[in-house]
Amino acid sequence: MRLSLLIFPADNVVVNGIAVKADHILTFQCYKLSFLLPANAAYVGQVHVLDIGLHKKFEPNLTAAYELVDENLIASIYQPRNRFAHKGNFGHAIIIAGSYGKAGAAVLATKACVRAGAGLTTVHIPRSAYAILQAAVPEAMVSSDANSYLLTKIEEDLSRFNAAGVGPGIATAAETKILLKELLKQFNQPIVLDADALNILAAENELMRMLPANSILTPHPKEFERLFGKTENDLARFQLAKQKAKDLNALIVLKGHHTLIATPGGKFYFNNTGNAGMAKGGSGDVLTGILTSLLAQNYDSVEAALFGVYVHGLAGDIAAKKFSREAMIATDIIECLGEAFKLVSDLQ
Amino acid sequence: MRLSLLIFPADNVVVNGIAVKADHILTFQCYKLSFLLPANAAYVGQVHVLDIGLHKKFEPNLTAAYELVDENLIASIYQPRNRFAHKGNFGHAIIIAGSYGKAGAAVLATKACVRAGAGLTTVHIPRSAYAILQAAVPEAMVSSDANSYLLTKIEEDLSRFNAAGVGPGIATAAETKILLKELLKQFNQPIVLDADALNILAAENELMRMLPANSILTPHPKEFERLFGKTENDLARFQLAKQKAKDLNALIVLKGHHTLIATPGGKFYFNNTGNAGMAKGGSGDVLTGILTSLLAQNYDSVEAALFGVYVHGLAGDIAAKKFSREAMIATDIIECLGEAFKLVSDLQ
Amino acid sequence: MRLSLLIFPADNVVVNGIAVKADHILTFQCYKLSFLLPANAAYVGQVHVLDIGLHKKFEPNLTAAYELVDENLIASIYQPRNRFAHKGNFGHAIIIAGSYGKAGAAVLATKACVRAGAGLTTVHIPRSAYAILQAAVPEAMVSSDANSYLLTKIEEDLSRFNAAGVGPGIATAAETKILLKELLKQFNQPIVLDADALNILAAENELMRMLPANSILTPHPKEFERLFGKTENDLARFQLAKQKAKDLNALIVLKGHHTLIATPGGKFYFNNTGNAGMAKGGSGDVLTGILTSLLAQNYDSVEAALFGVYVHGLAGDIAAKKFSREAMIATDIIECLGEAFKLVSDLQ
Amino acid sequence: MRLSLLIFPADNVVVNGIAVKADHILTFQCYKLSFLLPANAAYVGQVHVLDIGLHKKFEPNLTAAYELVDENLIASIYQPRNRFAHKGNFGHAIIIAGSYGKAGAAVLATKACVRAGAGLTTVHIPRSAYAILQAAVPEAMVSSDANSYLLTKIEEDLSRFNAAGVGPGIATAAETKILLKELLKQFNQPIVLDADALNILAAENELMRMLPANSILTPHPKEFERLFGKTENDLARFQLAKQKAKDLNALIVLKGHHTLIATPGGKFYFNNTGNAGMAKGGSGDVLTGILTSLLAQNYDSVEAALFGVYVHGLAGDIAAKKFSREAMIATDIIECLGEAFKLVSDLQ
């Protein structure tokens, strides 16, 4: 076997012509953005970071345009539980999810929210999903919509909740658009928006302006395109995400092999956990649950996004090791959150 | 890292001014009450008990105002199963729990009751929760209320049951108050009262006087306040619990990091198992199930309260080790009861 | 600690006066019946069987009045699966179980039947239990009664089934008595009768005479009493079981710490697996499922009874080791059947 | 113990007279077809393949009339997941399964499809199975038929799906025949047909001619007979399968101890994984799910059939080791798919 080797110091390069398909890449001091771009996937093999002997105090003081989410960063975000804490200390999350045929998305998001540590979790679902949710997640309380098939209205007093996650499996019916609009109007804590909530947002531009500050949007590339338009390449998409995060005063979590997190403050983070076994229906619902749970527990939105994306990917990596990339399913990611949190708490 | 060290012999101290935040505390011979108070949490690090060489026969003969529930006490309470026993020997428990949207509380309490060893378990739930309960806990029998959403009336012959647990998720509707009143009237074995049953009690003082002797109330601090009024500090709350336990001829299990058990006989016990991972919706429902199960198995109320709170916390500690404090859920506590009982039986 | 020691050669003794409470009992060559009697429980400690050097060929040729089911006997019964076998070789079992509030009994019996190896399993339940059964045991087919709450009529063609198990949770309504009568009329393979099927039999003596040859009745002592009347002591009850097994041309499995199996051929077997952790609602339903499954797989009734009771107890012992006697539940027994079968197949 | 030993070079022999029952068989270089025939089962013990020193390059160049599916073949088929893949890369599968009383078949096929790695899975079921499916497989989306009991019409836009699997538990009602006909008309990707879909095909010959190219039929011997008529012996049945695969331009997976795969190109493959513990209701439903999942992931039909049958058997072998041949159930096969895929990925 012949291996190709590339020493690659360049940064913002999107391959669009001839390039070496490198089995191994040597680079200096830190990851380069180029390695993280989907468009470059075929050309980027195993990356080896070479220490070029920079002064230890040099790097941490740099303000990079983008940052790789690493264990040090996560260790600095993670808040261990106070011994005397009670469930009130960990907030009350509401998950708004599901429609007829897609109740499973609500199950996954709710389970993940409970497993990620929220003090209390309520899930709002269409009436036909009532028994499904109560049986699948006895730890959660259920708020049933008056409508059997669709989400139309939340009767609960929203001020009881510290965070909301909306979107998995909700479809895009007119009634559900009204529910989303009411939620954005009345709820003034950060909201996690995913899936069909993003599709509604893309179709109803006025809603975009109603997002509570520091809300978190979690589009995959197609949803991103629907929301913000086409871009020429990955780098252009990243720049657009940065711009939109500032404009909307919201976080944008652009899901992919290396999920990008763009903050309202203009920072870029790339996540380095996760694997192709998570490329399956349900993985995104789990992320929505985790993010909502962390917000309810009083992590701020940037912390929640960085920590949530990291621990979601880490749990996915543990699941892949246990069940293989092919056979692992979204429920496995949830069940591996325990091991993931244990690894995080060992970082300290 | 600089560690602060405190040698701390004082007992009934509630910090309300300046105090050392001790990383390590050295104390003589036994735990001091001060270490167990939530108000002192920020000042109490790891406690080291120093043996000051008291005569071995001295301590056990002391009648302390309060006692720490330890392994010796639990070993003396635990009754191993007689080889020739049949299910009749372990009693028939009834769990009365759930309302529309909170059927999960009934699932958790019932599962815990079954797992804690009751010979037979029946659960009374609102009609809409019927299939949920039968699917989740096939070992239990289900008594469905005529009402789909609320508990209104138990049709079962109550004399068949050796113990009852009431409260998880029942809400506080007028109809449910009537059910609770009827239960207190007709049932003359100890009852475990939790959650909304306590809230009903707080609102209907006449019910308080109808409690069967040696019933067990399991309020968390807010429910305690609703029941018995505000107190100035932790110590005052403990004293009030002691007074009320005597007045009501009932046990009061005041839930918290170190759960307090106050007996009608005027004794105080502090539990030392459990952790902040249990600070989540559902943990209390599990405790209700365990306590009811132990009463059905013929443990007396003091034994049931001490043993139940201990084994609940121990199972929670095992769950935290397996799944982390963040990710552990109430169902995990139930699933870890087996390992907890094995540890208890090894104490002998 | 002082230990009492007893050398005890006597056989048919029921303690009803003064007796030594022996911590250790030494006996010659084999177990004595006296050790197996519930009435003697308090007096029988750990039993040590002493080899008195009988000729190896002597014992196997003895025709004992009763026999202890041991590993050799089980190894001789167990039929390993032929490599080329298909599901048709392992028969089609029907479980008839459940009523409103007791659908769990049907779940447990059906799961056990599937796990014990039947080629196909159908369960007949009241209509309200339809979704419960399909969700809990996807491997089984469901035959729903026209009645939501009770069993009234089986529409299936009974000739498709190789064995039937009836009773767990069926209650004793008049309509269900009719169903049982029809079953006994039309089905000419051995039937396992348990729980309320036995209670119906006890109330309707004419049904007793309709039992297909080599059916298996699995009463606990109270059900036995309802069926066949009171007896003075354990030995008298055993003798009555023997008599009734002959009269009815059926097997009687008298459940207890050492379950007794009386055959139509006049033989007595005592089982020696199982433990007090099985003294809980649901254990009997599991036994019904196992026995029906073995009959469907073409074990004859005596083999099925001996093997089924043995493997049920063995799975219970494994469950007790994993989960403790207190916390183990009927579902655990089912889940441990795999390990139990592996131990059995290793006997060969 | 006396062992019989047979050195057996002959190939196409069906025993129908006197033959040695060999405990051990020695054969040269490779398996002989005779060892794989059910009719020879009683005569074929453990097979030992002796290397006769053929030139290494000789064997791979042979075009055998039949081939044993081995690890090398599987390793050459298996496609590891691209790191940058997203769920769109792994296709959208639709499972069409279930009828009243047989919703479990739909649960098993859907779970298997999800676990075998499809990007998205939708299941079409009769309306009464809605909650069952959503609760059992939250990762899948559910398309409910307008009919509660039977499958009558798929409202979904079929062009969204990359592969379809139809048959488990669907029964053979006239309405369902219409559904199947419509499916064959409108869907132009390969379809996996199993169980009652095959029975419908056997009854409606015109449907047979409508099969999309490279569809996969998975009959067991009786279903095969209904489809294509009786044959004199195993070898004749294999030849008939070969002929029909060509005629129909479809793959025929003839299930048995050594499942045969006949391709439209006139090739024969025998699978060598799997065991008699899979001879139970539900195993076939699992295979349907796996095959459909692999087709959706862009394996071609021959690859999907070879790989799917292999990994199904391998997961079954892992399940047998864990739970015993007797106690293993179809759900266990699904749960062991993870370990099976890990073994496959280690082959490379």
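All chains are identified by letter, namely A, B, C and D, in their written order; residue positions are counted from 1 within each chain.
Keep in mind that, in the parts below, a contact is a pair of C-beta atoms (placed from the backbone, for glycine too) under 8 Å apart; a residue touches a chain by one contact, two chains touch by 3 or more.
It should be emphasised that the depicted structure is a prediction, and the values quoted were computed from it without experimental measurement.
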For chain B placed onto chain D, the superposition rotation in degrees, Cα atoms, nearest 5: 180
Same or different residue numbers at the chain A/chain D copy interface, by half rule: different
Intercentroid distance (Cα basis), chain C paired with chain A, Å: 53
Averaged-CA centre spacing for the pair chain D and chain C, given as whole angstrom: 38
Set of chain C residues in contact with two or more other chains: 131, 135
Category of the chain touch graph - line, ring, star, complete, other: ring
Complex contact set, residues of chain A against chain D: 38, 41, 100-105, 107-108, 128-129, 131-132, 135-136, 220-221, 256-257, 275-277, 279-283, 322-331
Of chain B, residues touching chain C in the complex: 80-87, 89-90, 114-121, 130-131, 134-135, 137-144, 337-342, 345
